[in-house]
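Structures incoming, each one as structure tokens.
In what comes next, chain A is part of two complexes: it sits with chain B in the first one and with chain C in the second one.
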Partner chain A sequence: MIPVTVAVIFIVYLIMYLTPGDPVALLLGADATPELIAETRQKLGITDPFFVQFARYVWNLMRGDFGMSWYTGNPVSERLFAAIPYTVTLSLLGMLVALIISVPLGVIAAVRRNTVWDYSISVFAMIGVSAPTFWVGTMLILLFALEWKMLPSAFNNQWTSFILPTITQGFNMLASVVRTQRSSMLEVLSSDYVRTARAKGVSHFSATYKHALRNAVLPSITVAGLNFGQLVGGSVAIETVFAIPGVGRLMIDNIKLHDTPTVIGCMVFVSVMVSIINLLVDILYGLIDPRIKAQYVKGNKNGKRKNK
Partner chain B sequence: MKLWKKLACLAVACMMLLTAVSALAEWDGTITIVQSSDVIGFDPTASTDTNNKNVLKNMVSRLYETDDYFNPVPVLATEYKQLDDYTWEFKIAQNVQFHDGTILTVDDVIYSLERAKAKSSSGKTLLGPVTSFEKIDEETLRITTGTVYGSMLTALSNSACTILSKAWIEKAEAGECTWDDVIRYGATGRYILGERNIGNSCTLIKNPNYFDPNDAAQNEKLIFRIIPEATTRTIMVQTGEADVNVNFDTAAMNDCLKDPNVQVLQHESSTIYYIALNCEKGPFTNKALRQAVAWAIERADCLEVGYNGYGKVWSNVWAPTVYGAKDDPYSYDPAKAEELVKQSGYAGQEIKACVKTDAEERIAQVVQSYLSMVGITMNYSRIDNTVLTEVMANNEYDMAFDYTAFYNDPELFVGRQFQASGIGAKNYAHYTNPEVDELLIKAKATLNEEERAEYYHQINKILCDDCPWIGMFNSNLYALARTGISGVNINVETTYWYNTICYK
Partner chain C sequence: MAKERTSKKKESQARQIWKRFRKNKIAMAALIVLGIIILAACSADLFWDYQKDACNIHVPQRLQKPSAEHWLGTDELGRDMLCRIVYGARASLTVGLAATTFALIIGGILGSISGYYGGKLDNVIMRCTDVLLAIPGLLLAIAIMSAFKPNVFYISLALGISYISKFTRIVRSAVLTVREQEYIEAAKAIGAKDHVIILKHLLMNCMAPIFVQYALAIGSRILSVSTLSYIGMGIQSPTPDWGNMLSGARAYIRGNSYLVLGPGIALLLTISAFNLIGDGLRDAMDPRLKK
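After this line comes the complex of A and B, so read on.
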């Protein structure tokens, strides 16, 4: 996780450094004199060579100091830590909604293959993959807030204001999980052990949902885990449309302002989050599939890890 | 009538009754305002963003404020007199309380103004001619200038010249409190800073001890919600989640005009969309070619694509609200433009233009086609705002699309925008003209308003003829409010005072 984070910081720092434009001109406004601009550049340390700036940033970060925002003059950590709960809540809720809806839909599509159910679910999944989150969010606001007046159009600290952003967030992930779950379920349903179970008189329901589903759900968890990174990154559009003061919005606002310390602070958070989720997915694998857990246990006992 | 029909009628009647009751429910005094960006900070000398300044403005006071047309009106200064061309004396209002209960003194005023002059970009410019601030007695402040300075009152109404408690500023500068604390306890305005949820909302509570009870807030609480997306801001007002949208996007104008729940409020602005032409380098060093561009463009089309037609065509280099800007000198005349192109000796080389926003890009497309009709080849590229400032300052462009708001007094901007001293900063055209310099010296040397107006009119005529900038159109300003709301103030620059907003 640490090498990944350092690499992310290096790349983002380099990109921000190489991006043309003067943050000081924006910071001081149109009335700024050339002398004041030069003085402020010096004060912010942006006249130093790249490696000096980068080393200073990493050194401070190691001591838990994310630096000061060039634009507000306040500590980046203050704003970042205020934003993290919103993004984490939104991403987790989005993933939960996506999994709760998409796994059953994927199973139904596989079990009722080549029926109207299968085609309808596939069309639904295709729309989810194709529709940009920005557009989905705006359409939901127009329908549920403006037309039907059922839900608030923007975040207002109440749980109801999380409904539309969560659906928007979940919709995009839902599509890819449905498709993965469907193909995985089809593969497992045609496997020998399911056929044997059915031949031995196990009911259709039990063979499908007890025996097959447990094995077929693993690829969906992988896809969900991989997509979680996209959820955190993709929160930029959703947080902007629904006015949620999360990390995505903080990042996009500060990219526009060329506020390097704040942008990198956000990127550090995103990379740490993605690393943690990947680790959790690996752990979850072991819990769901006893064969994987057994491989690790056996590998540890033999002093080495064996491949299947 | 069947039972289910009776029940349905009863349900409809109940719903109508509920709607009527809720409509009559008494307003609790809260006004929710949606705006596109958050408050960045409350230090008035560091604040450059308009939304930031507007939130701050409602919690603080200055010696002077400006009215809808930027004319200065007294607030903390009760009167002034000029002892001579260089010396001004101001009487400061007595018994004005800061939010912490302490009383405003002349020392607080001097400290705030000296700090503005030392620290703020605009303060340095606007208070540049001031040589000293002196306390004469407990209610009198004397300001001395090194030159004749006719814009003193306008300068004192600038946001940098906000008056705050010296004690609280010193605490903030020593790191003993935050700027939120300075505004919460060390300001004198109509509202007191309440809860602040960074990136989401900011609440202002009515100040019960405001020094002028006749001009106190007419609402109890202002909640500013930060909504970056224009569509969401509009919908929030339409649905009643918010009362006023101060950053209304005209793209939703038609829908809002048809919606009985909202009202669109409009005001003339001091903003013009213009094209800056590089007078120092490249093809536009030739005045005839600059004038050719001015005659070649149908500005009504630019207004339509750039601002959905909400404004007026305006070819002057200054906004119509600026005194001295009387004329609209250019119109669409392709024949004249072609003649000037020939006269300029332009050989068809590519003109490089830069734009930074969607609207400017659309305008550039229209301009590109009109210029091609008179034989001028222009290509544009889109770059970031910060990059554009750098490109202009470094003289690496031929033509740039931009928009700007103006002070009504040309003394406050002509020097920076059209004199050698502004090159590298706001003189994007890299324009100089000794005749303009000479007239500016004369204009600054007199306090006679008629004489000043005449000098600035002459300067404006020269600038319009020289075309360092070409005016395109003057955009209107809009705000969206719930039906039934009154007291939304829009001046030539922005929606600003929020103390009068209420439901009648």
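After this line comes the complex of A and C, so read on.
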């Protein structure tokens, strides 16, 4: 994970390094003297070669120093840590909502295969995959905030203003999880051990929801974990729609201002967060599926893991 | 003669897939919807004048509700919504196709090299895709866009780059499934060059998953370009795009829901059409459903 993170930082740093935009002109304004400009350049360290700058950035990053914002002059970490809680809360809540709603929906679609239930859930899932998050968010604002006046349309730090963004956030992921859950449930329902369970007299309910569901829920968790990056990426749009002061919003605003250290900080944070979530999903897998735990205990005798 | 036989067989296979695809009513409906959208985007010039109707500002007519004259109403700057939605399809479809094709070509080359040669080269390429996959695609595209001018070419490039790693993985795994087949060995034995084996024998025989992914990827790229435009890093006003139309309407949605409905439904229809076609292709190409 750490080499990947360093490589991610490298790519982001490289892109931002190539981005036009002069921080000195930004900091000092148009009528600065040449001496002052040269001095500021020296101070910011942007006269050094690329690799020196990059090495220094990584070195500082390891001590938790994201550099100084070119625009406000404050440490980037300060701005970043002010924004992180919003994005993290929103993403995790969105993922949770998606899992809580979509797993039962997928199960219903599989158990009542080829009925009206199945079809309407499929249509719902297709809309979820295809509808842009920012449009869903706008429609929700239109209905719940402007039309029915039930919830606030923009973010105001109260828990009620988290509801619409969370639903929006969850809706997109919901769709892919529903589809995965449905197909894995169908597969498990037709497997031998479920038939065996039925044959030995286990009730229909227990066979479906105890024997089958426990085994069919794994792929959904993987899909949710894999899509987490997409979800965080999509939060940029959601934070714009609902005016949430999160990391995505911070990044977009500062791209427009050419405040490179802040932008890099945001990208690095998001990438690291996505890597951590993927790692957590792997660990969770081991906890849920005893077969995988057994594999690790046995020293990975059977070679590769199947679920990759 | 050998050539004739292979080409005949390929055609019949394509026809088989088409036959199965045609039976899928939902996928066919999606294909027809997509056809209409493309046709509308191509023939827009017959009905409107691009500069006059889609770009120029007519303040006296702003925010008119749908009427006989303006079927979908007018936007916040007095431009006909229907006209802008139809012209907006051009930008979305162009970027969607260009970005996906770019990603397919680069990802296809990397993936087939990686799958065919294996070993160290495979390892290096796969680690690179790991790194690219760790950055959420949209954020990568945003970062790239911050370095370039926002025009159709660079947007396609940015959205294409952020999809390369996915195509690399898909092509690689598709190549791996056919690499060990006997006909590849036979081609090697008669001394066929590597690029011939990759292009003619490997890729020709693992087209199915790549095609499916291609259709799905176009949908996802259109979604991304509209998101980019919405947050102001994509196609810039006055060039009409569904994303920047929605972003422009943001301040006026109270009481003017038609401003959001039109472009949103256009996006929803186009993206779901590509997704449904992708799903239909997957079903039609699934070898388990053959016979």
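What we mean here is this: the second predicted complex is superposed on the first by the 269 of 308 C-alpha atoms of A that agree within 3 Å, B and C clash if a C-alpha of one lies under 4 Å from a C-alpha of the other, contacts with A are read in each partner's own complex, and residues count from 1 in each chain.
Simple rule for what comes next: a contact is a pair of C-beta atoms (placed from the backbone, for glycine too) under 8 Å apart; a residue touches a chain by one contact, two chains touch by 3 or more.
Keep in mind it's a predicted model, so treat the numbers as computed, not measured.
Peer 1: Classify the contacts of A:192 with the two partner chains as first (chain B alone), second (chain C alone), both, or neither.
Peer 2: After superposition on chain A, A:192 lies in contact with neither partner.
Peer 1: For A:155 in the superposed arrangement: first (chain B), second (chain C), both or neither?
Peer 2: first
Peer 1: Looking at the overlay, what does A:138 touch: chain B (first), chain C (second), both, or neither?
Peer 2: In the superposition, A:138 contacts both chain B and chain C.
Peer 1: Would you sort A:146 into first (chain B), second (chain C), both or neither based on which partner it touches?
Peer 2: both
Peer 1: Based on the superposed arrangement, let me know which partner A:240 touches: chain B (first), chain C (second), both, or neither?
Peer 2: In the superposition, A:240 contacts both chain B and chain C.
Peer 1: Once the structures are superposed on A, label A:20 by its partner contacts, choosing first (chain B), second (chain C), both or neither.
Peer 2: After superposing on A, A:20 lies in contact with both chain B and chain C.
Peer 1: Kindly classify A:253 by the partners it touches after superposition: chain B alone (first), chain C alone (second), both, or neither?
Peer 2: In the superposition, A:253 touches chain B alone.
Peer 1: Chain A residues touched by both chain B and chain C?
Peer 2: Touching chain B and chain C on chain A: residues 20, 138, 141-142, 146, 240.
Peer 1: Provide the residue numbers of chain A that touch chain C in the complex, in ascending order.
Peer 2: By the definition above, chain A touches chain C via 4-5, 7-8, 11-12, 15-16, 18-20, 126-127, 129-135, 138-139, 141-142, 146, 229-230, 232-234, 236-237, 240, 251-252, 255-256, 263, 267, 270-271, 274-275.
Peer 1: Could you please specify the touching residues of chain C with respect to chain A in the complex?
Peer 2: Listed in rising order, the residues of chain C that touch chain A are 127, 130-139, 142-144, 146-147, 219, 223, 226-227, 230-233, 243, 246, 250, 253-254, 257, 260, 263-264, 267-268, 271-272, 275-276.
Peer 1: Using the touch definition up top, name the residues of chain A that touch chain B in the complex.
Peer 2: 20-23, 25-34, 36, 71-74, 78-79, 82-83, 138, 141-142, 145-146, 149, 152-157, 240-243, 245, 249-250, 253, 258
Peer 1: List the residues on chain B that touch chain A in their complex, please.
Peer 2: 37, 40-41, 46, 48, 121-122, 124-125, 197-200, 225-229, 231-232, 235-236, 238-239, 241, 383-387, 389-390, 393, 404, 416, 424-426
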